[in-house]
Amino acid sequence: MIWQLDFIILTLVIISGIAAISIKDLLGAAVLFGAYSFMMCLLWSIMGAVDVAFTEASVGAGVSTVLFVAAVFRTTRRSRD
Amino acid sequence: MSDHFPALIIVVPLLSAFFIAAAGWIRRTLCFPIALFAMTVSLYSAIALLCEVVTEGRVIYHLGGWSPPWGIAYDIDYLNGIVLVVVAAVAFINLFATRSSVALEFPRKLGPFYALYVLFVTGLLGIVVTGDAFNLYVLLEIAALTGYALLGMGEGRAPLASLNYIFMGTIGASFYLLGIGYLYLATGSLNMADIATLLPEIYHSKVVLLAFIICMTGLFIKMALFPLHFWLPDAYAYSPSASISLIAPLTTKVMVYVMIRIALTVFTPRFSFASPTVSASFVWLAAIAIVMASIMALSQKSVKKMLAYIIIAEVGYMVGGLWLGNRNGITGAILHIINDAAMTLCVFLAAGNILFKLKQDSFDHLQGLFRKMPFSMAALVIGALSIIGVPPTCGFFSKWYLLLGGIDAGQYGFVAALIFSSLVNVVLFFRIFEIGFFESAQEHHPTGRAPIEEAPLEMLVPLMVVAALLIVLGFYTGDIVNNLIRFALPAGIA
Amino acid sequence: MNKTIGLITVVLCGVMLLIGTADFPDWGDPQSPASRHVSPYYIEKSIPETSVPNIVTAVLADYRGYDTMFETTVIFTAGIACFFLLRVRRKEPEIRYYRHIPTGITLRIEQGAKLPEDSKVFERIDTLYAPHDLIIKTTARLIIPFILIFALYVIAHGHHSPGGGFQGGVILGAAIILFAISYDLRSANRKLSERAAALLSTIGVFIYAGTGALCLLLASNFLDYSALASILGVDPVTARSHGILIVEIGVGTTVMAVMVWIYYNLSSRGRQDEGL
Amino acid sequence: MDDILSILISKYNYWGYIILMMVGLYAMIIKKNLVKKIIGMSIMQTAIIFFYVSIGVKKNATIPIITHGHNGAADIVRASDYINPLPHVLMLTAIVVAVATLGVALALAIKIYRHYDTLEEDEIHDFLKNQAE
């Protein structure tokens, strides 16, 4: 495992996490949350946690995002913060 | 089969929950009998288990045949045994008492309701019975998830209150999980008994201290200790009355049990009570919680919301009792788990009966209720006397032990808070009685429909049983303390 | 005001946690307590005791199988909770329209009248009717079989490679959700109705707990799969391996059904008529 | 310089988890939008999972799948060759719990929207205040 690579991905994770909670459009937030989960899954597979990474890829980046999109679609995209 | 009581107590309700969920789609009338069967079996096994603990000592059950620390084990001593019986008994009695209101409130969703009911009880029983710190987290989440769903089904503000409960509950559970992670990092084990043997070598480590603080913070959020309580009143006040009389008596009490378990079994008294300043600050926190919750209860205008603040004050009693760190204090805390579960059940069932007939519970509508619903109101009086702490009822005795513990430890602030809250409770309940007894009765239902009468018999009988239980528990306090709670205390407590 | 208090709480939490890291063992240290005490046992004994090379699967479904049973129950609970909270039943509208696809004739069906058979010749049309996009529909039809096969592979091959019941179940569920998105909720409901999803979720978790209870009936401890040896006709170690496979199938079924069930309820606000 | 770098390498993952945890808590406490709060909740749960996975890492070790299968059972499996599998197992469970909580939270959010027609917490409070008057 290469710590430089690990470090870069960790930075990306933090950036997409902060972006997900600060963007005004909720659909965008849902998609950014998907990106966050996917980066996280990469990070974990670098750390050797293949099963956890696999689960996060299918749950966090997959189904969670779909559920978020479904909920946003059924409510509203508008957000004031 | 008798060797497998520890497994039966969980497995039977769990399997029944699946049958109920399936029956909800096939034949709805089957749901209640299956739930009844599950609760009966778990109550029976809980009592049998407590008897086994009394006769043979600690019971350890290896799940999957793997011995701890590699596998998960149940570890039942006096402390779990007592709480198990309390949880199973409350769930059993409440199942009868709420049958009519469930049929009224969720006519089309009986299957999911009873499945969630049984799963909630399974989760709590699992929390109490397990000897594995991580397993406790998973069961905590089952109890919490079912709780969110049961509370969120109410009218109006309930979903928002329940969503706030989700946020706070998740923060609490996540903090607990993080604390367990710190313990795992420091010791490499997840089994409570194993952690307890490994910890003494590393008591000085910051990781252990932090694990302790994080775990306790998480549990304080979960049990709604005063500054972290704000999710509870709304969540409880707007919930359907069929679910609240199950959740209110059990959730906070089981969380207090978890706190006692973590503080006494995992960290051992040597660590938990090592620094008098830490213990004293927790006791002060509890004292402030009691006083503030009592004051806030005074300003409420509906029965359920007032009771919710009383629950927060009661949590303060138990937290304070534990952190007094002496024999009387901890005895009082454990005894209060039993008594408080019983009296909370009693008052919430009474409030449920009032709501069932009146459809609302604000103080303005209680006039003349003593004449209209004499039995429900009588039960409310007994419950209230117990919460206030009037002698033959059980509430007096646990309060007595707590007071003794406070005096032993020299924590007069806590003693004063206890007395203050008793006085406030007198005011709170006598206000209700005054409205109900002296103010002129309205001849008709507030909305002008059928006149109010006593709740149906199947709701009254369980309520009467609970009210009688409050007095019986009071008479047998000596036996409970001497034969059960005395052995639940760990060695090395003054 | 609230914002400041919140910010102070958050920063305090962060600082507290940061101080704690000072006493952490170095990252990746093989001699840290976490790697020395319990976990070596799993690594060294999982093949001799369960004959499962993927240690995570062995620990997940056997050594700590009780946790996993409740993990499945959590998912099941979430499914029931979403249904309990959201589901509303609406009466069918008085007048419904069906189109006979070969001829293009539209039929008007009034309350109480006999419905056309639920066949491929008729198509329901109403205000909720969403025309499908040909490209998306065809692509989904091409992809879904492969996703399903991959999901089954993930469940079945969990012993030897990353994966297992949970991941496979999620992928299975995702395939059905993809179908529901690319067609519409009504078509998906015809393939896997809500009732079927609910019953499947129950069955899956029942397979898990029932396997455990079966061990109990065979006079072993709960979830002790080696007791299944007498039924399966193999030695206890292989029986553990088979037991893991059985419970993984149960987990997969529940997870698949619940994911679809939650999606149905969330995407239609509990009405089960119109999806995304 | 080397010292600082080695401290950085040995601890930065733990700092990363603390930052993510703070981001999640911040969103849950301060944001007013309910979906934002739910996202914050998920971020916080992922941060804890990240912490657990970091505990399990072992230098010079491979993923916890034993490579030589059934026939090589005679080979000795050394614990130091494989990454600690226990945190992974725990975190699989935690991920499942997270997605279950997410589902219930979103269901409640939709129920709230059905009732109040908004997802902003302060707007809901205004609505309730107006209703009470």
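For clarity, chains are labelled A, B, C and D in written order, and residue numbers in each chain start from 1.
Methods note: a contact is a pair of C-beta atoms (placed from the backbone, for glycine too) under 8 Å apart; a residue touches a chain by one contact, two chains touch by 3 or more.
All of these numbers come straight from a predicted model, not from anything done at the bench.
A.B. asks: Strictly by the touch rule at the top, which chains does chain C share as contacts with chain D?
C.D. replies: A, B
A.B. asks: Using the stated contact rule, I'd like to know whether B-C or A-C comes out ahead in C-beta pair count.
C.D. replies: By number of C-beta pairs in contact, B-C is the larger.
A.B. asks: Using mean C-alpha positions as chain centres, tell me how far chain B is from chain C in Å, no decimals.
C.D. replies: Roughly 32 Å, centre to centre.
A.B. asks: Compute the distance, rounded to whole Å, between the mean C-alpha positions of chain A and chain B.
C.D. replies: Computed value for the inter-centroid distance: 37 Å.
A.B. asks: So how far apart, in whole Å, are chain A and chain C when each is placed at the average of its C-alpha atoms?
C.D. replies: Each chain's C-alpha centroid was found; their separation is 20 Å.
A.B. asks: Quick one: report the Å distance separating chain B from chain D, using the average Cα coordinate of each chain.
C.D. replies: About 29 Å separates the centre of chain B from that of chain D.
A.B. asks: Could you check chain A for residues that touch two or more other chains and list them?
C.D. replies: Residues 50-51, 55, 59, 63, 67, 70-71, 74 of chain A each touch two or more of the other chains.
A.B. asks: By residue number and range, which residues of chain D touch two or more other chains?
C.D. replies: Expected reply: 9, 12-13, 19, 25-26, 54-58, 61, 63-65, 86-88, 90, 92-93, 96-97, 99-101, 103-104, 106, 108-111.
A.B. asks: Would you mind listing the residues of chain B that make contact with two or more other chains?
C.D. replies: 134, 138, 141, 145, 148-149, 152, 159, 184-185, 190, in rising order.
A.B. asks: Let me know each pair of chains that touch one another.
C.D. replies: After working through each pair, the chains in contact turn out to be A-C, A-D, B-C, B-D, C-D.
A.B. asks: Touching residues of chain D toward chain C in the complex: what are they?
C.D. replies: 9-15, 18-19, 21-22, 25-26, 29-30, 54-61, 63-70, 73, 77-80, 82, 84-90, 92-93, 96-97, 99-101, 103-104, 106-108, 110-111, 114
A.B. asks: Can you check the complex and tell me which residues of chain C touch chain A?
C.D. replies: Those residues of chain C that touch chain A are 54, 56-57, 60, 162-164, 166-167, 170-171, 173-174, 177, 181, 259, 262-263, 266-269, 276.
A.B. asks: Within the complex, which stretch of chain B touches chain C?
C.D. replies: 4, 7, 11, 14-15, 17-18, 21-22, 25, 61-66, 69-72, 108-109, 112-113, 115-116, 119, 122, 126, 132, 134-135, 138-139, 141-142, 145-146, 148-149, 152-153, 159, 182, 184-190, 198, 205-207, 210, 213
A.B. asks: Could you please specify the touching residues of chain C with respect to chain B in the complex?
C.D. replies: Touch residues, chain C against chain B: 16-17, 19-20, 22-25, 32-39, 41-42, 62-67, 70-71, 73-74, 76-78, 80-81, 83-85, 87, 89, 195, 198-199, 201-202, 205-206, 209-210, 212-213, 216, 220-226.
A.B. asks: Under the stated contact criterion, what part of chain B meets chain D in this complex?
C.D. replies: Within the complex, chain B contacts chain D at residues 134, 138, 141, 145, 148-149, 152, 156-157, 159-160, 162-163, 166-167, 170-171, 174, 177-178, 181, 184-185, 190.
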